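To start, the structure under review is shown below, and the notes come after it.
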Amino acid sequence: MPGRPRDTLSVWQVVELARHPDRPYALDYIRRMAPDFVELHGDRVSHDDPALVAGLGTWRDMTVVFFGQQKGRNLAERVSRNWAMMHPEGYRKAMRLARQAAKFGFPIVSLVDTPGAFPGAGAEERGIALAIGQAIMGWFEIPVPVVAAVIGEGGSGGALGMAVADRVLMLENSIYSVASPEAAASIVWRDNARKVEAAAQLQITSRDLLAMGVVEEVVPEPEGGAHLDHEAAARALEAVLWRHLEQLLPIPTAELLQHRYERFRYIDSLLQAAPDFGPKVEPRGAAGNPAER
Amino acid sequence: MPGRPRDTLSVWQVVELARHPDRPYALDYIRRMAPDFVELHGDRVSHDDPALVAGLGTWRDMTVVFFGQQKGRNLAERVSRNWAMMHPEGYRKAMRLARQAAKFGFPIVSLVDTPGAFPGAGAEERGIALAIGQAIMGWFEIPVPVVAAVIGEGGSGGALGMAVADRVLMLENSIYSVASPEAAASIVWRDNARKVEAAAQLQITSRDLLAMGVVEEVVPEPEGGAHLDHEAAARALEAVLWRHLEQLLPIPTAELLQHRYERFRYIDSLLQAAPDFGPKVEPRGAAGNPAER
Amino acid sequence: MAASGGRLPPIALTTNCPSCGVGLVPETLRDQCYVCDCGHHFRMHGDAWIALLADAGSWHERWADIRPHDLLEWKVPKAYQETIDQARAEGLNEAVRVGTATLAGHPIWLAVFDFRFVGGSLSIVAGERLTRSLEQAAAARTPYVLLAASGGARMQEGILALMQMAKINAAVGRLHQAATPYFSILTDPTYGGVPASLALLADVNIAEPGAAIGFTGPRVIRQSTYADLPSGFQSAEFQLRCGQVDMVVARTELRARLAHLIELYLRPLRGRR
Amino acid sequence: MAASGGRLPPIALTTNCPSCGVGLVPETLRDQCYVCDCGHHFRMHGDAWIALLADAGSWHERWADIRPHDLLEWKVPKAYQETIDQARAEGLNEAVRVGTATLAGHPIWLAVFDFRFVGGSLSIVAGERLTRSLEQAAAARTPYVLLAASGGARMQEGILALMQMAKINAAVGRLHQAATPYFSILTDPTYGGVPASLALLADVNIAEPGAAIGFTGPRVIRQSTYADLPSGFQSAEFQLRCGQVDMVVARTELRARLAHLIELYLRPLRGRR
């Protein structure tokens, strides 16, 4: 079935594809979409966070602000980009440039690919929790269209901080989860070796999230996975991103923001959920079930 | 003449009074004006700056947001408050709470008393220049009345960052300067021992600034200086602050912000300057003299 | 003003104070809001917080009948339905309860986390109750008081638990747009999705003395980065120094402080057009 | 696109490059925008910057007739009037000059600091020219390009020099409110009141390689704090790491980069209401 991960893959095989070292990363998509991409840097407070790429470029004759959580292709780049685990400064850079996009009316594309926000002492000292909280709240006040796509790993609050959008897409072999399988296993079993079981229970594949109504669309990857054909993967993502953005562009600002509010306000109502997911909720009357109000 | 420093004091004697260790500091005024003052802390980024006191209290039956650059009364407090030399976090705390005041419609009182922003490596690493620049720009967008008073030392950009207001007052024996006398001497003579001469040339006393039209009013101090009678000094400052704030309260927001813009836009035009200051500017036609346009 | 709105309910206590080691007298502790003479603040559950903050008899709970569901059919190591049923059998009603009350006579919305319900984890029900109450507070400009205590998002609700952070913060944004005063009290422990959503976004962030507050817990940080963490890392006092909270307030002073803040923030404007 | 708008004027040079030590050939250097083969960027004065950035023949200077005045009657160690007269006798017209131009055909406002005029110090005339041009740029939504080089505020104009920071930043605020693109180029050195007013408030902050940029100069920091400053402290690259500037751009690439940014920021919106 198009738009769904191949049924023949196990959940853990999808996790491995989502984390594949040859998988296209954010800049592989952004540079193809906007060959004239100019990167902007810095939170204007104290740091630049290389785990988040941010800047502007020309896409389909428009100026667009791009964000991408960026992994490294080799060890040196992985270290410098901190395996795409953002510090507070990354979220502050994102909000600075999202507000700039709002000022000039540029649409925003955000590519999500992170194991999670960085679990380190410096991030805590500089307010990682609040930085994510401010970003999540801030996105609801950005009066331009925002389209996000999970291109690899969508890990926890660190991913959500860059995925509050009018439309959220997922590449077929990407994952998006309340916690990484390892972290969930550690929390639930106190044993992160149970990650395979945890991954299966968490329902983290693009198919699961589409069924739950959490993402609007799944972008099919080239046969075997995006890592086998970066060009084809980028073409597919570009086309779907554009189809969604094109629908958003004419929507008046107040309506756009109201829709964004409602998208997340009722995201757990399963109103958009696939039929094979919805029936799990037994109606128990209006007050008893958050799905019905 | 009331409202002017006693003519019998030399400029350097005024400097010494402005820096007198027994002089009332910001909290000595704030706690008398608003005995229920509650201090709020933190820039919500990475630090709290003890060199700036900030919070709310009840003054004349209103809720008011108070800011005060705060020196220490003993060595331990001086160290912890860094001699009232603010770091970038102080200006960020100020703007956070000024925006909160704007949200709730609380008027703002800012008491200025600093040798200057902190000249240290950490301040530079965390963006002291931009933090001051953002504060100065930010104050012009705060849609509530703002009244500032220099109560001791008004040192350079570090003072201006907390002194962009609808009315700026000075206590009689306070100073306000583009650079401290020591720094100016070091810049001009490359010898900061020439501080007394520098102070005289810089025209930094309350009388000088009133004559130049840079401040609206000078608040007389008790005979001998504010350090001899904190109560009386606080009563005098409170009365003048209130007189100005009372005039500002009924002004509609757009007009208030436009006046604030114009206050600083034409501050060097000498339009409000005292007669004994103005004649120094020889009219040379509209374009030749910034005073006339 | 009384330190509490009414007599606090009994809570389960260890036999000795973990800070100073003295033997505890439950009735004495109860009379001093479960704060040891040494200053140690014992964790309180939802009922106790409501009794502390709400004026006696003023609490009206809302949406208590919204219940969790096992949407993911979570089975191992323990079925989620069983987890829910056990907690409810113990008389607990989800990780968050919300309602209206008065505090020193001022109408407020009050939301309390209860750490006993699956570690105070953020769930769909918690998110729904928080969001509804935030929306109603914004509509009526009623001050909002949050009592936070949480270990993070609820794993057993998967991605929909994570989505609560966005849903809640959208409503917090509207609370701010409506210029409605918002006070957040962060207690021991507050980690993960709760400080990364609403708990640090208040007009005034208040922490309890000694409370551990952060995004990632110290165990995970040590595992990931092999870092030595300084003593007091992520404590309330650390968060005060790091600019994240406005004040650290002893529980015995909390009610009076909140009453004062509500008066300051709600005072009608004077003379302004 | 050509690296410069026209042929640059000659500038005074040392005989050897201070970075790599090679002997300099003035004409060769002039052809490569006064950048040594080793990457060292020589300081350029106002005329050279205008020639570099403005399309040939497009520069129209404005308000060149506003002149400084010795308001404070500054006498020692040197009378301010004498300082002014000398600089003007050398053909310099204040620390800041402003005007309109085109850059790769795009109309812009251009403001250039000239470090030769009392160390590029922020003065009443500088502030007035900057503010008038910012106001006009905002009114017409014309992109604003700033070339910063300054040692700080001008002592000899006392408090009125300090007040320029407020006056200018008020106008920068209006530029932003009018959604007018603003690009700031920070060159060696930019210190004090200029980065603390307009120079870091642009939509895109661009630094020249190796430029020293900061609030307080290293000499004063060492005097005040007895601190060892790391090598590269306050360099353009340091400011990039510290999140203050968006990019470090070689002078030979600057014009093309600015042209591209102007195109990106000015492109008419499509499909949005």
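Labels for the chains are A, B, C and D, by order of writing; each one numbers its residues from 1.
Here is the rule we use: a residue touches a chain if its C-beta (ideal position, glycine included) is under 8 Å from a C-beta of that chain, and two chains touch if they have at least 3 such contacts.
Please read all numbers here as calculations on a predicted model, not as lab measurements.
Enquirer: Which chains lie in contact with each of chain A and chain C?
Expert: In this structure, the chains that contact chain C and also chain A are B.
Enquirer: If you tally the C-beta contacts for B-D and for A-D, which one comes out higher?
Expert: B-D
Enquirer: Distance between chain B and chain D based on Cα centroids, please, to the nearest Å.
Expert: Taking the average C-alpha coordinate of chain B and of chain D, the gap between them is 29 Å.
Enquirer: Just give me the whole-number Å value for how far the CA centre of chain B lies from that of chain C.
Expert: Once rounded, the distance between the two centres reads 40 Å.
Enquirer: Can you give the whole-Å distance between the Cα centres of chain A and chain B?
Expert: The separation of the two C-alpha centroids amounts to 46 Å.
Enquirer: Which positions in chain D are in touch with at least two other chains?
Expert: Correct list: 200, 242-244.
Enquirer: I need the residues of chain B touching at least two other chains; which ones are they?
Expert: Those would be 44-46, 125-127, 130, 134.
Enquirer: Does the chain-touch network form a line, ring, star, complete graph or other?
Expert: Per interface graph, the chains form some other shape.
Enquirer: Could you list each pair of chains that touch, in label order?
Expert: All chain pairs meeting the touch criterion are A-B, A-C, A-D, B-C, B-D.
Enquirer: Can you name the residues of chain B that touch chain A in the complex?
Expert: For this pair, the touching residues of chain B are 44-46, 88, 92, 125-127, 130, 134.
Enquirer: Would you mind writing out the residues of chain B in touch with chain D in their complex?
Expert: Against chain D, the touching part of chain B is residues 117, 119-121, 123-130, 132-134, 136-137, 140-141, 156-157, 160-161, 164, 176-179, 183-184, 186-189, 197, 201-204, 208-209, 212, 214, 260-261, 264-265, 267-268, 270, 277, 280-282, 284, 287-290.
Enquirer: Which stretch or stretches of chain D touch chain B in the complex?
Expert: 63, 65-67, 69-77, 124-125, 127-128, 131, 152-155, 157-167, 169-174, 192-193, 195-201, 214-216, 220-221, 224-225, 227, 229, 233-234, 242-244
Enquirer: Spell out the residues on chain C that touch chain B in their complex, using ranges where they run on.
Expert: Interface residues on chain C, with respect to chain B: 176, 179, 181, 200, 203-205, 240-247, 257, 260-261, 264-265, 267, 269-273.
Enquirer: Which residues, counting only chain A, touch chain D once they are in their complex?
Expert: On the chain A side, the touching residues are 36, 38-48, 56-58, 61-63, 89, 93, 100, 103-105, 107, 144-145, 246, 249-253.
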